[in-house]
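I've put the structures underneath this note.
First chain A sits with chain B, and in the next complex the same chain sits with chain C.
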Partner chain A sequence: MTKSNTGMVDPQESAAKELKTYALGFAASVLLTGVAFAAAISDLPAVWKVGIICLAALLQIVAHLRNFLHLSFSGGQSREDLLLVLFSVTLLAIMAGGTWYIMADLGGRMHEKGMMPHEASP
Partner chain B sequence: MSDNSLYPGLNLGETHSAAHDQAETTVFGFWVFVMSDLIIFGILFACYASYLDPVGLAGGPGPADLFDITSVAIQTALLLLGGVAYGGVSLVVKYEHGHRRLIAWLLVCAALGAGFLFFEVRDFIEQAGKGGVPQASGWLSSYWTLVGLHGIHVFSGIVWIMAMVAQIAVRGIDDVVKVRLSMLGVFWHFLDLIWVAIFSFVFLVPLS
Partner chain C sequence: MSASTSPIVGKLDWTVTPYTDLLHQVNSSTIVGAGAASVLVLGAVAGGAVLTWMRWWGPLYRNWLTSADAKKIGIMYIALALVMLARGIIEGFVMRAHQATALGTLTEPESGLVAPDHFAQLFSTHGTIMIFFVAMPLLIGLINFVLPQQLGARDMAFPVLNQVSLGLTAAGAGLVMISLLIGKFGTGGWTMYPPYTGIQYSPGEGVDYWLWAILISGMGSTLTGMNFAVTIFKSRAPGMNFMRMPLFCWTSLCVAIMLIYAMPALTVSSAMLALDRYAGFHFFTNEAGGNMMNYANIFWMFGHPEVYILILPAFGVFSEISSTFSGKKLYGYTSLVIASMSIAVISFTVWLHHFFTMGQSAGVNIAFGIATMIIGIPTGVKIYDWMATLWRGRVRITAPIVYLTGFFLLFVIGGLSGIILANPSIDYQVHNSTFLVAHFHNVIIPGVLYGMLAGIHYWFPKAFGFRLDERWGRRTALLFVGGFVFTFMPLYVLGLMGMPRRSPTFQNPDFLPWMYVASFGAVLMLGALASLVWTFWTSYRNRAALAVPGGDPWNGATLEWSTPAPVPKWTFARIPEVKARDDWGETKRAGDPWKAPEGYDDIEMPADTPHGLLIAGAAFALGFAMVWHIWWLAALGFLAIPALLAWRGMKVIEPRIIPAAEVEEADRRFRATVASLAPATRADEESERNRGRPDLAEFAG
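== the complex of A and B ==
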């Protein structure tokens, strides 16, 4: 990077770099999608399948953010963009995670056998 | 990537300084919309997950009756390729490879998006034929709302791409068009990201 102090980046060089970023993102997405679908149709126990699918989805979302949306996680980004992502993710965790937790808990208490006290002691 | 990204998506860079500076505020504003869209999708995901139990299914048809994993795989491939193809659009704009290539890449994106929609609508029609209509159960209501909303987004994306093709034909690749293409890129890649969550949590997890 001898040219960086002139403030000019060689366009050929940066074009190749950007093309590589897209290619890497594409390769990662294909791989992770393949893993998720392979897990879904495999004979693994259900818990394993769900775990693999969730992990592959999380990794693929990070790959999309980095390689396609070009969000930098290490400060090479306008600060507000990253703050907005973090704020949105926090809101989502509270609202979506909270909804899912409350409804799952309610469902467990009201519908599953053995959970209700009067059923446990007839 | 250049040293400093001013906004989400591939930055135009200093060679396009006027458009690059304009894009900072405009694309940030659009990014705010995208993030509020993310919240809507997140809430719909939470609804879907909450309904995914025997009570939510309400005796109606379930995931194993309705979902066709082959069709989901085809849709995933088409949308993923469509998203990556927009990388071609961004690079052509940034390195000024001309109108023809730009329009070609945009049409590739639109065609792949349309292919995705074709398979999605075909699945919806098939599912409705098997009794999987939105009013059959809470789970199906949340399924149609979530996946349908994503489908409407993809449709709007295609309309937007065609509008950009028309604008490029009429006014050429000026600064306004460059900024709009940057916004469209953020939108198009965001739809890909939402689809990753949909094929994982809506289709694959219930089928496991």
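== the complex of A and C ==
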């Protein structure tokens, strides 16, 4: 970790291989975006639509991290990369979970339908 | 504003300036509005004239605007922030002057210096400017200047990206500035809560000015965060492991992490509001399934980490100066590191305390209230650490130490009123009152403002080669302390008496005496601003007497004091090998710290480029065009950004190489200068005998 980093691409890694990774990532991203749009336009039930869109989004995040940001769990940087992922997931879980907690509670207090009330209604 | 949109100039026409309002009706409010616009115009004209007269356009462009040097970028950030600070303080003064004359009666409620709508614009621009275009550029600028030097790095990890970040911030600031002259700013406060700021209740350009200023500058801040983080992880000098980093670097790391994870929330909430306004979406509207409470939720997911983004760099500065000016090692280094990191993480778990009264159940409020109180613990640890650092040291009462003392006394009060507000049942009584206004100014001014000004005073000689005048520095600091006490302590009382914040008028005559006291404080604040300007000016005139070519005027212990003042563009003639925490201090203790390095190498520096400037221009055009619905210009600006990126991506860019001979020559000259200087003791620190070579015999810390 303390060794200085020149920010250069490892010369051993050929440019062609780099390019292939990027192209793969790009193709996967386009495909997954297409899937999300297709799901939105289709006449599947709403729960399915939301589920498919969320799944496509998650997969696309993985594709970006792997193919564009060179995240990997093997090799010289794996420990740092793992820590980074865990830290990010923790913060995102706090934000997403907190939002759910707060908005569901508010929805429940307003007798909103389709939300999970935090407290039993009176 | 005209009813129809022209394809060429959008909604712009000749009636959008405040001069039209003035012609329409002459009263104190329109005079203030037109006066502010005139100050802007005259300022711009005068600035342009001076640049032309002195033939400074060329040097400005070559040496500053196209520079990718983090040190220069940092200085430009701070210059931007100081200009915006002047506007912010003047607006604060106008608001205080207004409220001192705003006692209405039930039959005639409207009175005071400015009209209610104008008052609303004042607090909205004041809040927006102070947070996004004063506090943020101050701290980002200071980190840019100091961080690479303390890490033993030549530059940021991504120098050109850094330039782009500065450009985006300046473009956002430009949008807020131009709203003085062209059109109006929003009236929804610095938070711009919908549904009031939705298109239905706030048609027109005001909210859009805010949205685009925030979207553009927010993007810049996110990029800055990444730049800082990568720099800290990848560009430290050999041997500079994490637990050897100066504390300012640690707090910078916390800031970087928080910028990366918090700024996107602001971008998301603003983008959603923009979609509501421009594209007929219903994220935050009353009907069609919108939920405006989610805006408050997302906004404060950014907003709370933001306040710690603001305060942590100040904590870093106070760590450095408490140690340097008492001639002692920083007390409790490890505890300060742990406390900073804890604050960075816990600050993501408390955001709900900004909307305790929105209607969620008590259980939710209690959970976040407790989390909020917990964050007081690491902050308390820090205060004790700094006091212990000063304890039994030979403290010199320099301007930064005056700021530190003011911070100790006042910040603790502000922090305690924060803990009071963290109790939901109390918050129900005083939320949205001037008690809250007093609380956040009570942490922001003694924390952020004093901290940043102390930092500027401390590192100024490194940037420009001469010290700032200590006497005027202390006067400024005392004026800011006194001004704060008179302006904001009365607001605690007024809040408890029931005065709501953002009130253009009030009917209770009992409020008046406190209003007068607060206005007197605002006058002191103006005086402090003038005194700050004067400090720079008088120090500039005395620069020969205040020069410190030795580069180490305060007998410091961290790496940045080992280089000449002003610091050369390559910073270190040779990247230091770090062997200890406070490495420069250890070198001093070991004997001859100014020994020349064994050899010199060519130095590779990023080439100057107008890239950041061009992106800033495109972003400004995009924002301005979107505000006024000038669609062709918006499309042009929007497409120009990827085009510029692609263009730069395809060009072959040669770095600038500084030959070893040039570095060697400069470095030998520096070492000869140091050898020729007489060492100055700490007692002589403020006198002309301080030429930047300290007396090593006195170095204990």
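Simple rule for what comes next: the second predicted complex is superposed on the first by the 92 of 122 C-alpha atoms of A that agree within 3 Å, B and C clash if a C-alpha of one lies under 4 Å from a C-alpha of the other, contacts with A are read in each partner's own complex, and residues count from 1 in each chain.
Please note the rule applied: contacts are C-beta pairs under 8 Å (C-beta built on N, C-alpha and C of every residue); 3 or more make two chains touch, one makes a residue touch a chain.
Worth saying up front: this structure is predicted, and the values here are computed from it rather than measured.
Once chain A of one complex is fitted onto chain A of the other, the partner contacts of A:103 extend to both chain B and chain C. Using the contact criterion defined above for the overlaid structures, shared-chain residue A:20 touches neither chain B nor chain C, since it reaches no partner. Partner contacting the larger number of chain A residues, of chain B and chain C: B.
Judged by the touch definition given at the top, the superposed model places A:94 against chain C, while chain B stays out of reach. Chain A uses residues 4, 80, 88, 91, 95, 99, 103 to touch chain B in one structure and chain C in the other. For chain A in complex with chain B, the touching residues are 4, 9, 11, 14-15, 17-19, 21-22, 25-26, 29-30, 33, 36-37, 39-41, 46, 49-50, 53-54, 56-57, 60-61, 64-65, 68-72, 76-78, 80-81, 84-85, 87-88, 91-92, 95-97, 99-100, 103-104, 107, 111.
Across the complex, chain A is touched by residues 157, 233-241, 261, 265, 291, 293-294, 297-298, 301, 345, 348-349, 351-352, 358-361, 363-364 of chain C. Partner chain A is touched in their complex by these residues of chain B: 1-11, 13, 15, 24, 28, 31-32, 35-36, 38-39, 42-43, 45-47, 49-50, 53-55, 69, 73, 76, 80, 83-84, 86-87, 91, 94-95, 186, 189-190, 192-193, 196-197, 199-201, 204-205, 207-208. Listed in rising order, the residues of chain A touching chain C in the complex are 1-5, 7, 80, 88, 91, 94-95, 98-99, 101-103, 105-106, 109-110, 118-119.
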